[in-house]
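Structures given as structure tokens follow.
Here come two complexes built around chain A, the first alongside chain B, the second alongside chain C.
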Partner chain A sequence: MAQTTGRVVGAFTASHSPGITGWPERAEPAKRAAVESAFAEARSRIDALAPDAVVAVSVEHFTNFHLGNLPAFAVATSDSYLGPVTKEMGEFLNVAQHQYPGHSRLGRHMYEFALESDFDPALVEGGLEFDENFCVPFKHLDPESKYPLVPIIVNGVNPPWPTVRRCHDFGRMIRRAVEAQTEAQRVVVIGTGGLSHWVGLPESGQINTEFDRDFIGRFESGDESRLLSYTAEEIDAAGNGAHEIRTWLVAAGSVQVPFDVLAYEPVPEWLTGTAVAAARV
Partner chain B sequence: MSSKLPKVTGRDMRGVMAYPPTPALPGADRVDAENTVNLAESERMIRSLIRDGVDAIATNGTLGEMGTLTLEEWKAYATCVVETARSEDPDFPIFVGATTLNTRDTIARMRFLADIGATGTLLGRPMWGDMVAPIMERFYRHVAEAVPELAIVVYDNTAAFGGVIPRSVYRTLVELPQVVAVKYAGGASVGFRYHNDMAHTRTSFPLMPIETDWFPAWEMYGEELVGMAWSSTTAMGPAPVLALRDALREGRTEDARWLTERLRWAHEPFIVGQDFFEFAKYNIPLEKIRVNAAGYMDVGKSRVPYTEDLVPEVHHRTTMEHVERYKQITAEIEAKLGSSSSRNAERV
Partner chain C sequence: MYSLHKLLWDIRKDPDLADRYRADPDPILDSYGISGEDRTAMRELDFKAMYERGFNPYLIYFCAIQLKVDRADYYAQIRGEKN
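Up next, the complex of A and B:
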């Protein structure tokens, strides 16, 4: 029997600040409960989708790349990934250090398909290690690390950043890549980063709820013209960490449907506007 | 093994560590220049910084021209700054750079520094070969064990040394009692890795931020973790930076927030905050341009091959704008907060 080609069966997005797992108790109990409940709901939906692989889109926090070599996009193709990168970071994030499985064949295909689609991501064949970028959301979304990952890095931390439209296009490319292979039949895309937050700046701890709620509104509407109209300067108003919403744009591009925001809570104790969302696939 | 240990520990490191350039005599930018260090100005510079209230001094990083001094010039300068500091205060923490291209040369220089009474060394790492984590760990372990009485401020400069310090190396550094601080690379983007690096070092020694990042770091982690900041801007006159220190120590949060905003505003035109790797090309001459223009000290020209004539004009212009802003905020801060006893500018 001929194998059918793969499909993106779901897409999810979430914030990933260290406090979500490292010091959850510092948040107001109601906010913590809302966020953790949303994560649980997303986890349940992912499990119900029974994915063969997860394309995990996050940002780099200078664990693997640095300012002298910071790709706009990178695709990793390993069989496994260490995270958190050290035991000490594991204690800090309250995530036990372990190996996350990788879907190397889908990763390799994704990279080659990207090149054929006029994207030129960096190829990371080994050595990519995780910090809170993946470890924090996946503690909630896949606590047993049972789904093999294709990690994708988007520069959302240091200018110049890829445009939001380019990120969305990258997501659309991901869907076409999934549909052009048979190794992984059922694929879930998870984008993680943002929302408003300032990192290493005097504004740290502030939340721009106006920006966050406006962004959520655009995300829920599925209106691409509104979602893709952001300039870098407009995102800057929500902090240098807000540029991580590019990961959400990649996830949105992979499904091109409205999302349901399962929770949004401004949590100064976690230094981040914290949200979890699921695509209406 | 020697039982000798440094006179200071990481827990002792508090306040502002000044990073001044190496003063140069006229003609120091010539290829055939010899004995280029302006020792008289070096002595005046060290006395001024100490009397005006900085808490420690480190020389001979990148802007301190570790890479462009001859060995004899370096020895003369090191001797001058250490003897001057000792004459001001026998316990003043004075760190002199000893970064070279290999372990053995660095050890030789560290022994020289120990012999002349330096508190410690500001130490980058050999950069000719790609220094992956195991090599870096062994380098710092070797030099610490070879000269155990000398404290080490680890110098983190992503441009000069080709990347960040891997987190596995921080695990080694906390095991070495000689390591008392890390001069952490500046820039807001480092905030993304700061907390994870600090998870390794905790209270063993401070990961010193640049003064413009100090307030948010202090707010988040407190004096126990980030009690010391580094500042090359102090070479333009330390008063604004010391005002920030005093506000932090005294819990005057709104003053500290305002001072940080003013310092950041003053730095806005300076290329380092906009494009660190572009800055890194002209780091040495740009620092000298701004320091000379500020008028607090006379550090002369930078030495070959990193001379001022190759700096693009736009960087000259924006650096001067930065200097003007710094002069403006110095006056604003004086008018608003006055001079604390620790900031009386007793010029030498």
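Up next, the complex of A and C:
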């Protein structure tokens, strides 16, 4: 019997503030409970989907790349990834340092398929290490690190950034790539980052709830014209960290359906408008 | 911009370089070819000046943490509440 081709069976998005795992107790108890309950709900939905691989989309915070070589997009094809990058970061995030499994065959296919689809991501064959980008949300979403990952990095940390439309297109390409292979039958896409926050800036600790709620409205509506109309300046109003919503756009492009936001809480103690969402697949 | 951006990143990645910078910044600033107002800002750990000169806030902040600057002190300085 011929093997069937892969499918994107689910997509999820979540914030990755270090406070979520590093100092959860500093948030108001009701906010912490809402966020952790949303993560638990997302985790049980992911487990129910029984993925063969997870395409994990995030930014990285100058842990691997720097201004001597900063890709707009990068696809990693390794069979394992160290995270958190240092023991000290592990203590800061309250995540034990360990190796995350990688799905190198799907990663290699993703990279080749991207090139054939007129995308030109950087190839990261090895050496990619994780910071809060994956370590924080995956502590809740896959605490045993049982799902092999294809990490995809989007530049959300230094202007100029890829446009939101390009990010969405990249997500659509991910779905076509998954459907053009047979190695991984059931694939879940997880985008992490955002929402509003400022890193290293005078506004740090503020939350732009107006931006966040408007973004959530667009994300839940599935109305792509509204979701893809953001300019870099509009995102900047919600902080340099808000540019990480590009990872949500990639996830949205991979399924092209509305999402349900399972929780949104402005948490100044975590310095972030904190949200978890699941695609209505 | 690049020389100081490179130093900020290298300090983030290399604890030994961070220790050496804290002990004696000038030879390191020399070796990176950092001069003028960029050098003054970095030598004095004037993070606010670096931010105003257009350096990436993530890199400034991460470098400050690696140089054992207290987070609250960093933010007080970047907000102009403290020199």
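Note that the second predicted complex is superposed on the first by the 281 of 281 C-alpha atoms of A that agree within 3 Å, B and C clash if a C-alpha of one lies under 4 Å from a C-alpha of the other, contacts with A are read in each partner's own complex, and residues count from 1 in each chain.
Criterion: a residue touches a chain if its C-beta (ideal position, glycine included) is under 8 Å from a C-beta of that chain, and two chains touch if they have at least 3 such contacts.
What you see is a predicted model, and the numbers here were worked out from it, not measured in a lab.
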Inset, instruction - Mind checking the superposed model to see whether chain B and chain C fit together on chain A or clash? - result: clash
Inset, instruction - Please indicate which partner A:67 is in contact with in the superposed arrangement: first for chain B, second for chain C, both, or neither. - result: both
Inset, instruction - Check the residue A:240 against both partner chains and state whether it touches chain B (first), chain C (second), both, or neither. - result: both
Inset, instruction - For A:201, decide between first (touching chain B), second (touching chain C), both and neither. - result: both
Inset, instruction - Please name the chain, chain B or chain C, that touches the greater number of residues in chain A. - result: B
Inset, instruction - Answer with first, second, both or neither: which of chain B and chain C does A:157 touch in the superposed model? - result: both
Inset, instruction - Looking only at the overlay on chain A, choose which of 5-13, 41-49, 77-85 or 275-283 in chain B hits chain C. - result: 275-283
Legend entry - Intersection of the chain A residues that touch chain B with those that touch chain C: 61-62, 66-68, 157-158, 198-202, 204-205, 240
Legend entry - Contact set on chain B toward chain A in their complex: 158-159, 162-164, 167-168, 170-171, 187-196, 199-200, 209, 213, 215-217, 219-220, 257, 260-261, 264, 276-277
Legend entry - Residue numbers on chain A that touch chain B, as the complex places them: 18, 61-63, 66-68, 85-86, 88-89, 91-92, 131-132, 157-158, 198-205, 240-241
Inset, instruction - Write out the stretch or stretches of chain C touching chain A in their complex. - result: 1-2, 5-6, 9, 12, 51, 56-62, 74-75, 78-80
Legend entry - Residue numbers on chain A that touch chain C, as the complex places them: 61-62, 66-68, 157-158, 198-202, 204-205, 240
